[in-house]
Amino acid sequence: MKKILLATVAATMLGLLAPHGASAQTTIEPGKPVEMVLLPKFLGILPFDQAHKGAEEAAAELKNAKTLQYLGPTPENSVAGQIEIVTNATTQGVGAIMMSNNSGDQIVPAAKAAHAKGIKVVTWDSPIPSAEGEDVFVAQVDFSETGKVMADMALSIMGPDGGKFAILSASPDAANQNAWIAAMQTALKDPKYAKLEVVGIVYGNDQSEASYSQALALVDKYPGIKLIMAPTSVGIVAAAKAMQDEKLCDKIKVSGLGVPAEMLAYTKNGCAPQFALWSFVDLGYLSYYTAYGLATGAIKAEAGASFKAGRLGNYTITKDPTRKEGLRVLMGPFSKYDASNVEAAAK
Amino acid sequence: MNRTTGHQKAVAAADSAYVLNLRNIAKRFGATQALEDVSLALRAGEVHALLGENGAGKSTLIKVMTGVHQPDRGEILLAGEPIAIGSAAEAQRHGIAAIYQEPLLFPDLNVAENIFICHQNRGAITDWRGMVREAERILASLGVSLDVRSPARGLTLAAQQSVEIAKAISLNVRVLIMDEPTASLSAHEVANLFRLVRDLRAKGVAILFVSHRMEEVFQIADTVTVFRDGRHISTRPVREVTPQSAIADMVGREMGLLERRTPAPHGEKLLSVQNLARAGVFEGVTFDVRRGEVLGFAGLIGAGRTDIGLALFGIEPATGGSIRLSDSERTIRSPRQAMALGIAYVSEDRRQLGLSLPMSISANITLPVLSRYLNRLGLIRTGQERATAEQFRKRLAIRTPSVDLAAGKLSGGNQQKVMLSKWLNTHPTLLILDEPTRGIDVGAKAEVHAMIGELAAEGIGIILISSDLPEVLAMSDRVLVMREGRQMAIFDRAEADSETVMFAAMGQTTQPAITGAAA
Amino acid sequence: MTLPPILRRWETLLLVLLVAIGAVNIAWSPFYLGVGNIVNLFQLSIEKIIVALTMTLIIVNGEIDLSVASVMGLSACVAAYLFHAGIALPWALLASLAAGAAAGAFNGFWVAYVGLPSLAVTLAGLIGYRGIARILVEDRAYGGFPDWFNALGQQPWIGPVTVSIVVFLVMFAGVAVVLHGSALGRLVYVMGNNVQAARYSGVRVKRVKLLLFTASGTVAALAGLLYAARLGSVRGDMAVGFELDIITIVLLGGVSIFGGSGNLVGVGLSILLILNLRNGMGLANITGNTQTSVIGALLVLSVLVPNMAQTLHTKWKGRET
Amino acid sequence: MRWLQRNIRPEQIRELSLLLLIVVAVLFFGSLIDGYYTSRTFNRIAASVAIITVVAVGQTLVVLTRSIDLSVGSIAGCTAYFAGSMAAAHHDLPPLAVVLIAVALGAVMGAINGVLVAWGRVPSIIVTLGSLAIYRGILIDYSGAKTVTTDSLPAWIVDLPRLTFVTIGNLDIRAMFALAVAIVVLFQIGTSFLNVGRQFYAMGSNPDAAHLIGLPTRRIVFSAFLLSGALSGLAGFMFLARFGNITVEAARGLELQVVAAVVVGGVNIFGGSGTVFGAMLGAIMIGTLEQSLFRLQISEFWRDAILGLLILLAVASDAVILDRLRALWARTDLKLVTRAEAEP
């Protein structure tokens, strides 16, 4: 509860307003049995576990008699694994698939097959770039907003004199990270950030070891950098640990998107003074509401449809401005963490 | 001991003079009776020579003594007590060690360590210094100077042999078996070895000494036992033995069993070999073979006979000399080349080199000339293949329910016939037969012999490599004798008899040259 | 020397297991028997089972090729790289097959002509070929292939059957004919049983080995391209780790790791067994990790059980006599 | 030449040339990369080499006996995760206990491999390909694919990578690297000066002879796998300390790096020769390449290709050059010399 409160406060501070539209609300009727699959990018990453928790919370509220299936591939096999899981779910004729896509458009044939069979495909966290085979994307925050938040954090950490910084991302074709980085690059064009310079992007594939090594490599490759910006929860922890182990926290700070529980120590000791994130619990919760609503026919996948998602309130489906095609539900808000609030959020 | 009965005591007393006593040992491998009711007793402080042709059962007996093989029947007494030797380690615990012709060393370990590897009670820590010191002492007592810190990999065979001997010495053995230990040593090295053997004898070690070198036996042995065809023939003190009597015991089987083949008319010269050599293996080999002729290769194992066959067949090409086939000079560098020139080589080792045992009889027979059995699509015409196999099955009387049976399921003799079929199917003009009757029963043997006669009559030139002396004598038109990589002589049919050939093979040019015991 | 009955009846055992798994799948999942599911069942592992066919030849020959998955990745990356460099896709595909053949021939050269152990050579290939793939595409993802290319891997072609499945079926028939009907197949077995006996029979063993490794590389390249077509996009890490599944399929099919024995019927059954097992577990919502460990256990058991059976058999016989 | 042959073995020449190659590589990268010769570079390489080295020591023992252990990555992953969750749940657990848990768990997993290879007579490549999959699968099922987070770990583990063992001038020798070196020294001594250690060499050098002279061949193979497992377990702990965040994917693919290090380090894939020290040199060579290539702008992607080539060259040079060297050595000085002349 505290967390949500905090999150709201933070959102207000940033002047962000979640699109709690005021049009006619559909109330989603609980109690219908719908087979639902929650598919993370891959197993073994904390935020996805949190999303799972949120989805289960929603499942309980909606009194879905069918157990939620939480299925995920392993990272090294994530593309083929996601395809296999979607295909099997299609064969089983489940009601809805909620997926954080890690395979770019490689998933399209499988998603289209599912869609053709009447299965609702809801993406969350990371969409299908072409939106083919996808009903709705539940976006955590507005992608352009993410870019701005990261740019702001960079400015605030490096100070008015600015400087060079580098980006440690997940995989080269993770749609969400790429969109955020693009959004940040756009935001940086604002004269306000004139003194900030991105010198390079590396990829740690959301694996601790690779991210750790890549973070160290950044330090060596670009001796002058003052900041590593990691828009991935795995990358940001690995980078912070790497800087701490190398005793570089005085010179090079880490920022980006991270989970408070994982970042607590680094924020307190100054290695990662600021970072941001939305609530993955809420994202799972909202995704479940959306998918359940679509599968039960309570809501239609079209722009303008609006519904009430339990404790989170009202949401409206809109066209996704960040992609050529596709619909989205925008969750928001963003929470920014620093030494003052991270401890509370980590609880 | 106090619980033994009077009878046992009497037996024990009778046997106590013997360190190791083998009684009525029998061992059978498939169709071969390797040992039949063999007894042998070794006395402490005695060098006991064991003589016999290849295949007489010496190696099998050694393997029984060292726990590699378990006898089918018979008992083994150690100092009068019956023991079972279940493994090599047990043999070692009983104080029985063997030195083989091919040393069993660890190429990556150094000399000192090889000597002491068997000492399993040498504590936890490798005492390198002590080991080196001790190894040097033992080797010095052998009169051998060897860097004991160098790995065994680089050592010459003679040096490896010395290491094996040192290893046995370090174990304080009671019974030491030496299986042709001198086969690869020079005269000088042999002298050193014998000095050592005498030292061991003086210390009360019982030594079983197996050698093909007659003169060595008379130099070193106290007692001589002769085996033949898996049977014990004689055991006599050395002074009662002459080289002639020993050789007669060794080869003295009923020659009547093998009739001399009627020679086929000889045609033109097929193969002519001049000064053929392969570096380090054999040299100075000169002979020719005519159509319809059987040229026998006699000699002991390791004399280089097989190596000449391998050189002619291109497996291990010759490095010197010339080969002329039908009067044109050829170099043969691969089996395919040899086959194209009409040469076929029937290997001595049918299990490892001759046949693919899990494959069918017909597949084995057609393997060298498989391309003859392909249809236009490149697939094997199995019908035709089977027809060929059936043909040979009839011609060579291969006893099998079907030509589709795996070759490995046949008896040794039938396997041999399959191998012969395989090479006859290549339509050779020169057929090299390497030990074609080894380990097969009498009936099959006679059939193979008949086949050799037929093939010669058809005008095929045949080189017959065999350690079975009567066989070589009965089948060959001429006999070439090899010894230690050198050609000793070529005897015509008329002059070749078992004694002449055996003496040549053992390095004696004239029969009566050997007198009794030396030194 | 005779083998215990269980080894002689390996295919029977596989068949019984397959039927059992099929029965369990039918009982547990109503979706199992759908045409779509059967197609998917093949389609999801199609690249692996194609490569398993040539791997069968290699292992029967007494060697191993650990580099196949990397060659799959390499071929896809070569095609994508050339295509994005402006070369027409058909040419890019040909070049990528040639690259696969070259990679295989390179392995074969070191194994056959220099005499290095195939385990070490193809381990170097496993790492090195993946490295070349990464040099080509770095950490980018290449997509945007023409529709006809993507259709190769995705669209049903004959009825519900896709091109890759047709390729597999044709290749299965082809390899069956080669292994069990042709001179080459005969030589593969002979060499696997006893390479010395083959040499003493005038078989050109080096050439056969080179040919097999080249074929393995070429087919792996083909499979890599089909994989790219199925996914519609290419990354440097494509097909990482596939070699484990591929080798498992072959060994479970009763092919001895020491060469010389096994047949394509067994491998075919093993393919069906593994695919149905995976599919059944997938439909029962058991994820990839558990599937992989079950198959890993099957791999170990497929050698352990006959070994134990042989030991017991020998002991039993010993007691009788 | 004579002096050389008397005092140095061909195998040592191989190790020396690898050392030389490392020096050349360092000089090469130093000329390309600004600020290469710093303590940071050293620490970077040392830290990445430490874990590989510890596993490579165990792998060396296995390879010496003519086997291979491909499950080391999965074992390290399992132990990292298990030790991590134990330490996270019980902050009061003494450090030594955590390390021992990791080592013991690894030893058990190695022992299972060993039993299957030695007594089940299943080829090691099959056993460990299987257990590579099984152990990883067990880890994922056991953990429910959760993550051990840095934050949940006791401070002593998180701070371990920064712990400096000794400082020489500018160079900090970190505790983890010191541990790896200590393991290498320990096992180098063990395989050189303990009879049980020498048996690994005997077993791989000539298995038939080892059996014939009555060495406990099965027990030797078993203990190689046991030790490989235990050392992988220790490496799992080091992994935990280094990366803090342990997902179920931890240490996946470690086996390839380790086998590569062992082969490059001159341990014969057919057993019998090679040293633990050589394996460490192999790990350092690979670590140097890897960490240095990271710093060259474009070349990071060349790493695997170069590594593959390095392995091939290592195996080929073993087969071709080393044999020549050995023949050369054997020809000149090691022949049997009888001393009959000197004898009275």
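A, B, C and D label the chains in the order they appear, each numbered from 1.
Criterion: a contact is a pair of C-beta atoms (placed from the backbone, for glycine too) under 8 Å apart; a residue touches a chain by one contact, two chains touch by 3 or more.
Just so it is clear, the structure is predicted and the values come from calculations on it, not from any experiment.
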item: Partition of the remaining chains by touching, absent subunit B; value: one piece
item: Reference subunit C; chain at largest CA-centroid distance; value: B
item: Chain pair with the higher count of C-beta pairs in contact (C-D, A-D); value: C-D
item: Euclidean distance of C-alpha centroids - subunit A vs subunit B, Å; value: 77
item: Rounded Å distance between subunit A and subunit D, as computed from the means of their C-alpha atoms; value: 39
item: Chain centre separation in whole Å, for subunit D relative to subunit C (CA means); value: 30
item: Rounded Å distance, subunit A centre to subunit C centre (Cα mean); value: 38
item: Overlap residues in subunit A, where contacts from two or more other chains coincide; value: 43, 72, 74, 76
item: Sites on subunit C at which at least two other chains make contact; value: 139, 287, 289
item: Multi-chain contact residues (two or more partners), subunit D; value: 140, 248
item: Interchain contacts, given as pairs of chains that touch; value: A-C, A-D, B-C, B-D, C-D
item: List of subunit C residues in touch with subunit B within their complex; value: 1, 177, 181-183, 186-187, 189-190, 193-194, 196-204, 260-261
item: Residue numbers on subunit A that touch subunit D, as the complex places them; value: 43-46, 49, 72, 74-76, 207-209, 212-214, 216-217, 220-221, 223, 234, 237-238, 241, 244-247, 261-265, 346
item: Sites on subunit D touched by subunit A in the complex; value: 33-35, 40-41, 43-44, 47-48, 140, 143, 145-147, 149-151, 158, 161-162, 242-253, 294-295, 297, 300
item: Subunit B residues within the subunit D interface of the complex; value: 68, 87-90, 92, 104-109, 113, 117-118, 120, 122-126, 128, 140, 143-147, 150-151, 153-156, 158-159, 162, 188-189, 191-192
item: Touching residues on subunit C, where the partner in the complex is subunit A; value: 29, 31, 34, 36-37, 40, 43-44, 139-141, 143, 150, 154, 230-233, 235, 237-238, 240-241, 279, 282-283, 285, 287-289
